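The following block contains the structure, expressed as structure tokens.
In order of appearance the chains are A, B, C and D, and numbering begins at 1 in each one.
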Amino acid sequence: MSTFGTAFRVTTYGESHCKSVGCIIDGVPPGLALSEADIQVQLTRRRPGQSKLTTPRNETDNVTIQSGCEQGFTLGTPICLTVPNQDHRPHDYSETDLYPRPSHADYTYMLKYGIKASSGGGRSSARETIGRVAAGAVAEKYLAEVHGVEIVAFVSGVGPIQISDTSAAALVASVTRADVDATAVRCPDAATEALMHDEIVACSAEKNSTGGIVTCVVRNVPSGLGEPCFDKLEAQLAHAMLSIPATKGFEIGSGFAGTRMRGSEHNDAFAADSPGAALRTLTNHSGGVQGGISNGQPIVFRVAFKPPATISQDQPTASYTGEPGVLAARGRHDPCVVPRAVPIVEAMAALVLMDALLLQNARSATRQRLPPVPAELKAIKPF
Amino acid sequence: MSTFGTAFRVTTYGESHCKSVGCIIDGVPPGLALSEADIQVQLTRRRPGQSKLTTPRNETDNVTIQSGCEQGFTLGTPICLTVPNQDHRPHDYSETDLYPRPSHADYTYMLKYGIKASSGGGRSSARETIGRVAAGAVAEKYLAEVHGVEIVAFVSGVGPIQISDTSAAALVASVTRADVDATAVRCPDAATEALMHDEIVACSAEKNSTGGIVTCVVRNVPSGLGEPCFDKLEAQLAHAMLSIPATKGFEIGSGFAGTRMRGSEHNDAFAADSPGAALRTLTNHSGGVQGGISNGQPIVFRVAFKPPATISQDQPTASYTGEPGVLAARGRHDPCVVPRAVPIVEAMAALVLMDALLLQNARSATRQRLPPVPAELKAIKPF
Amino acid sequence: MSTFGTAFRVTTYGESHCKSVGCIIDGVPPGLALSEADIQVQLTRRRPGQSKLTTPRNETDNVTIQSGCEQGFTLGTPICLTVPNQDHRPHDYSETDLYPRPSHADYTYMLKYGIKASSGGGRSSARETIGRVAAGAVAEKYLAEVHGVEIVAFVSGVGPIQISDTSAAALVASVTRADVDATAVRCPDAATEALMHDEIVACSAEKNSTGGIVTCVVRNVPSGLGEPCFDKLEAQLAHAMLSIPATKGFEIGSGFAGTRMRGSEHNDAFAADSPGAALRTLTNHSGGVQGGISNGQPIVFRVAFKPPATISQDQPTASYTGEPGVLAARGRHDPCVVPRAVPIVEAMAALVLMDALLLQNARSATRQRLPPVPAELKAIKPF
Amino acid sequence: MSTFGTAFRVTTYGESHCKSVGCIIDGVPPGLALSEADIQVQLTRRRPGQSKLTTPRNETDNVTIQSGCEQGFTLGTPICLTVPNQDHRPHDYSETDLYPRPSHADYTYMLKYGIKASSGGGRSSARETIGRVAAGAVAEKYLAEVHGVEIVAFVSGVGPIQISDTSAAALVASVTRADVDATAVRCPDAATEALMHDEIVACSAEKNSTGGIVTCVVRNVPSGLGEPCFDKLEAQLAHAMLSIPATKGFEIGSGFAGTRMRGSEHNDAFAADSPGAALRTLTNHSGGVQGGISNGQPIVFRVAFKPPATISQDQPTASYTGEPGVLAARGRHDPCVVPRAVPIVEAMAALVLMDALLLQNARSATRQRLPPVPAELKAIKPF
């Protein structure tokens, strides 16, 4: 449904042509400094019209905190965030409404709900992601302020143009959001970015679209996060990422390439900077998660986005009632979503981590009030 | 935590060296014919020792239905399934317990819980998956009996050996479980299987391990399943698959390869066999899901498994207390998990679909009691 | 937390001095005719200032549907409902803020959250109930339209003034909302209402407050609702009612008085109007629920409300920092909440029933696709 | 469904005539000393046959810990507890199966599930409560060990025989489980207990049954527990108690009697033993909860149980198929359930408190890592 999380719980609402979109966030720690500006920055990164590569639709997407804060601090009560839709009249009927867009949600929403929102896919609209990004900004504020968590996503593939493994590794190590935002494609490898840019322009010129890949790194993750067995941290990240519109794949650490490796090369050996210190790993094929639990190394994952379904080319297809015909979509559409997907991926990562942190804090705080277990059960200092 | 699902809800328990492992399933429809034999068949497919490629550990894994059935039919009340552990004495202390196994859950479980099960990772043991497979068999019984759903997984990659795209497409179209089980590797493409077999034998000989890929197809899926926006069907499948031990990636339909395609080639055009009939798609790059909702086409996805972490080679690493040393694991270990992962992938797919079906049945049954909406809202006959 | 329900799920937000209050409702059946007027009617019944017995605070409480509807019909997607707060400036600091109000939430909110909303209890404000009433009106719309469900609550006790058992039984049988709203106290027994009215006026005159009881009847309840074993229908009703501010007790059917009865007089014997017809009961000590499941008879329950904590009398107490003193609350406060609690009780009942109905519809629709069970298992036609 | 709790989550299974009954507990803090004896003590208090007042059915109800513990300590992983049923053959068909027992769950289970367990109500059997009591014992172990929480329930009413208010107040202040178990009725007021005893014997003699009331006090409750707004502590307690078979009412603190009081007498004034100390209240009409949050005072509540539905007298009623007739139940049945309900009430209270504690620990631990809020927001030291 439209709720995500157990202890840090976000519920979103809104579609393209209703009055507003937004969310309610429940479980925000009380006493966190929070203003609309903290949230607006990510919403602004998400909105269209930031470069010539995206649709010119001009929506300012200004967020309002409706509840849950006073005098700049969170109260611990639900925070409702709203963003008005500029155009909230139902979409006019048009000939193209006869045809469900191929590979879009038009047809499946009709199957599921038996009623058609004027805007087609309704909740499958990209505007649905505004609530996620707003909520993610709140989660991220806490994670950054208390644990120094850094979440940075960037574009690592556009159609056939892919960043090299060497370049990707370097970015994972040190890339910042400022680096990412310095380019229109949000790929902070200049040579690759230029090719990606040309690819997107070419798609646009041919009234077509292209897919792409977003890589995300999370640094300074507290260890111990993730709930075995069904709610492993990577399972929750995969759930979060595959819930973003247009995604088709997720991989963490070595991912699909790791399936081709031997265990002896894939295993991340342990080391300690000094005896008694927390262990770190010498490599990070695990992507920061072992057995479903964060190990303190950077979390690294990649998300595959398909080419957007809505294109301006004529497409032979069938109408809702099964008659063959040609769908000729009008208007301008994003030829590639990955540049705008960057803050959405970051937001979903923040939501997963914040929820996992609250649940692990519950366990740790509760456990620490018990007397220590016998030494032979080998307790170490808990997280 | 250890519960999966909303309306069809499975809770599992058990680790390597406790008395039993199993699950409670809540939300099973009443009146379903169900016997232990229905469940045992998948447990037997999951257990080790079925070919020379797996560990010879001999556990019969016999399931008992503790509750929720009478005279061969489900009552609609919780079904508890238990499978005894043959050896439920705590594991003896040994020198290797000084070292957390690299890329295993030993260290992160200690970070999370502050106490160490004698068997190392505890719930990260492969025995944890018995409860999943047992519950999946119950879900699958309903899905097959009522909707003719067929869930077939097979091995499509072992280390560098990968099935061809052509072969994969042919298998997706028509492979059966009998085909899959006819080979030791569970790859029903004979030529590729032979290479995979050699690869696993080679790994075993060098006391090493290798990763692999499982492909799964689900046929005859009812349309309309999946809950926007956070619980899209692919998001739940990704969650389910990444919760299986040793998984590192998930892709549905075109997956990562689809990111390199243009929209015009990726879009799945619609057609109908006759006017008024349900639409089908001419291609299936979507993998059976559009906008997070099943469209009635086969669901096709792939799951990446890393090489098993436990290998018999000596591994330089550090002890729990941070001292450098060499871990020399003894015993025999599976060099490759994917053949045994096949029924686990099928089980998790069944759990996702059954839960989604119950939720959509709730919506449909509730909606169908309302008067029809006006024609201009274009209602079509709901699922 | 601030979410209620599993399949019909309401999340509320807002406190006294933020910008708005409201809710998101997820799981509303698609295709339900719904307008703001459908919701406004119950919000208007809830707001203060409707008679001389309540505070004159004048808030119009106009609801806006932000999402989830088009052209007067629900889409099946989340419905966000908002009601602006007229005065959303933080409350000014005042001397009385030094003292937590006795028996109010001021002190416990501080213990829980470690931060104090300017308005004292924050979410414990009566304005929090606006989201509940709005959501309840949506649930009730469906229940009434499809099943003819009637939910009517009325005041049956104010301080020492209690309606007689005979009168209560008569009202349970046939009272309507119009009857209830015909009196200022919302007690449709004229003689008792007059006494209640005098009691409230007397409380007000002595700057004091009084408690009361609300009785609620729900007619035409579909049978089969309620989920054993933890989510019995009466358990969910009790949860819902005790979540309303100022409540201290709940009883269903015979309630506490039933503890004094013998089984032979308490048992509700069955009868059928004709052979093969659904059974009804000759008495209704069960209050419409047996074994946690609705039996088709009217659901009848009573809710106890304590006297409001905020009174204008001086009260000797202690400050937050533990110093003895006297709290002198200013302003006008409701001397008795039960008249305004009537629509809140109705709303919470509607939320419980709608959620239970969706879950039972899931079970029934799923079960009905199975072949019939053998006759000796005595299946009867399911709900 | 059959799961209770969010962070401390219990799932139960089992009915009268299946192989075993029990539960899985997820979220138990790791490192808690726990043995079967810790659990057995409450199961033994719950089982029948402990005095001449209950049925002589002789079941030892021996619990086995299946998982989640090693060497006497919890691992933090799910704990499965099982208790075999002595007689797990399906019940033989008999003439009385033609008639649903009046006020029992026989008929509503059939309406809900469309299939009839041989034992009648199936999950409505008293044996379902074994899983609750076992899980409650685990929760209570932690609460007692870490916070010194004492949970003591006792019988305060049997039919028309009720303990006096003075006596009840004295017991609330200091009663122990040993006091309670010193009498057959579990009413530790000797004079009243004698009358109750006679009442139950009389019921038994006339093949009838009687209702009763259980009062429960919880001492040393940590403050700050309970989640506004829907999951107020009293709402969760009410939910828990009304989920126990045969309950019809719940009241906390002043309860229904409090509705007759003026605010000035009902309000619990604050005091501190010294400036800066935590506040306590001079009276406890609130029953330990204000605004849905525990305030550190004893929690006191009462639960109403109806007379058991199964009696050996002939009862005129109708058959499943609607034909009038007389139900003549055979066998011996408990004439009054309240003595055996005592440990069930205690268990459910423990489950509610443990879950609330984990959630509040999550909040507190997360909040305490933030910098302090400005003094004018009046933060006090959080729980």
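Convention: contacts are C-beta pairs under 8 Å (C-beta built on N, C-alpha and C of every residue); 3 or more make two chains touch, one makes a residue touch a chain.
Remember, predicted model here, so these are calculated numbers, not experimental data.
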Check: So which chain is farthest from chain C, going by the mean of the CA atoms in each chain?
Finding: B
Notebook entry, point to check: Which of the two pairs, A-D or C-D, is linked by more C-beta contacts?
Noted result: C-D
Note to self: Suppose each chain is reduced to the average of its Cα coordinates; what separation in Å results between chain B and chain D?
What the structure shows: 38
Note to self: Measuring centre to centre with CA averages, how many angstrom lie between chain A and chain D?
What the structure shows: 43
Next item on the list: Could you grab the centroid distance between chain C and chain D? Build each centroid from C-alpha atoms only and quote it in angstrom.
Entry: 24
Note to self: Please output the residue numbers of chain D that touch at least 2 other chains, ranges allowed.
What the structure shows: 1-3, 12, 27, 30-31, 70-71, 73, 76-77, 112-115, 123, 228, 363, 367, 373, 376-377, 379
Note to self: Help me check something: in the complex, which residues belonging to chain A touch chain D?
What the structure shows: 6-7, 27, 29-32, 70-71, 73, 76-77, 142, 145-147, 228, 357-359, 361-367, 369-370, 372-374, 376-377, 379
Check: Given the complex with chain C, which residues does chain D contribute to the contact?
Finding: 1-4, 12, 93, 97, 99-100, 102-116, 121, 123-124, 128, 157, 159-160, 203, 208-213, 223-224, 226-232, 234-243, 245, 247-256, 258-264, 266-272, 274-277, 279, 281, 285-287, 289-296, 304-309, 311, 313, 315-318, 320-324, 360, 363, 367, 373, 376-383
Item checked: Residues of chain C touching chain A in the complex -> 1-3, 9, 11-15, 17-22, 24, 26-27, 30-31, 64-71, 73, 75-80, 82, 90, 112-115, 117-118, 122-123
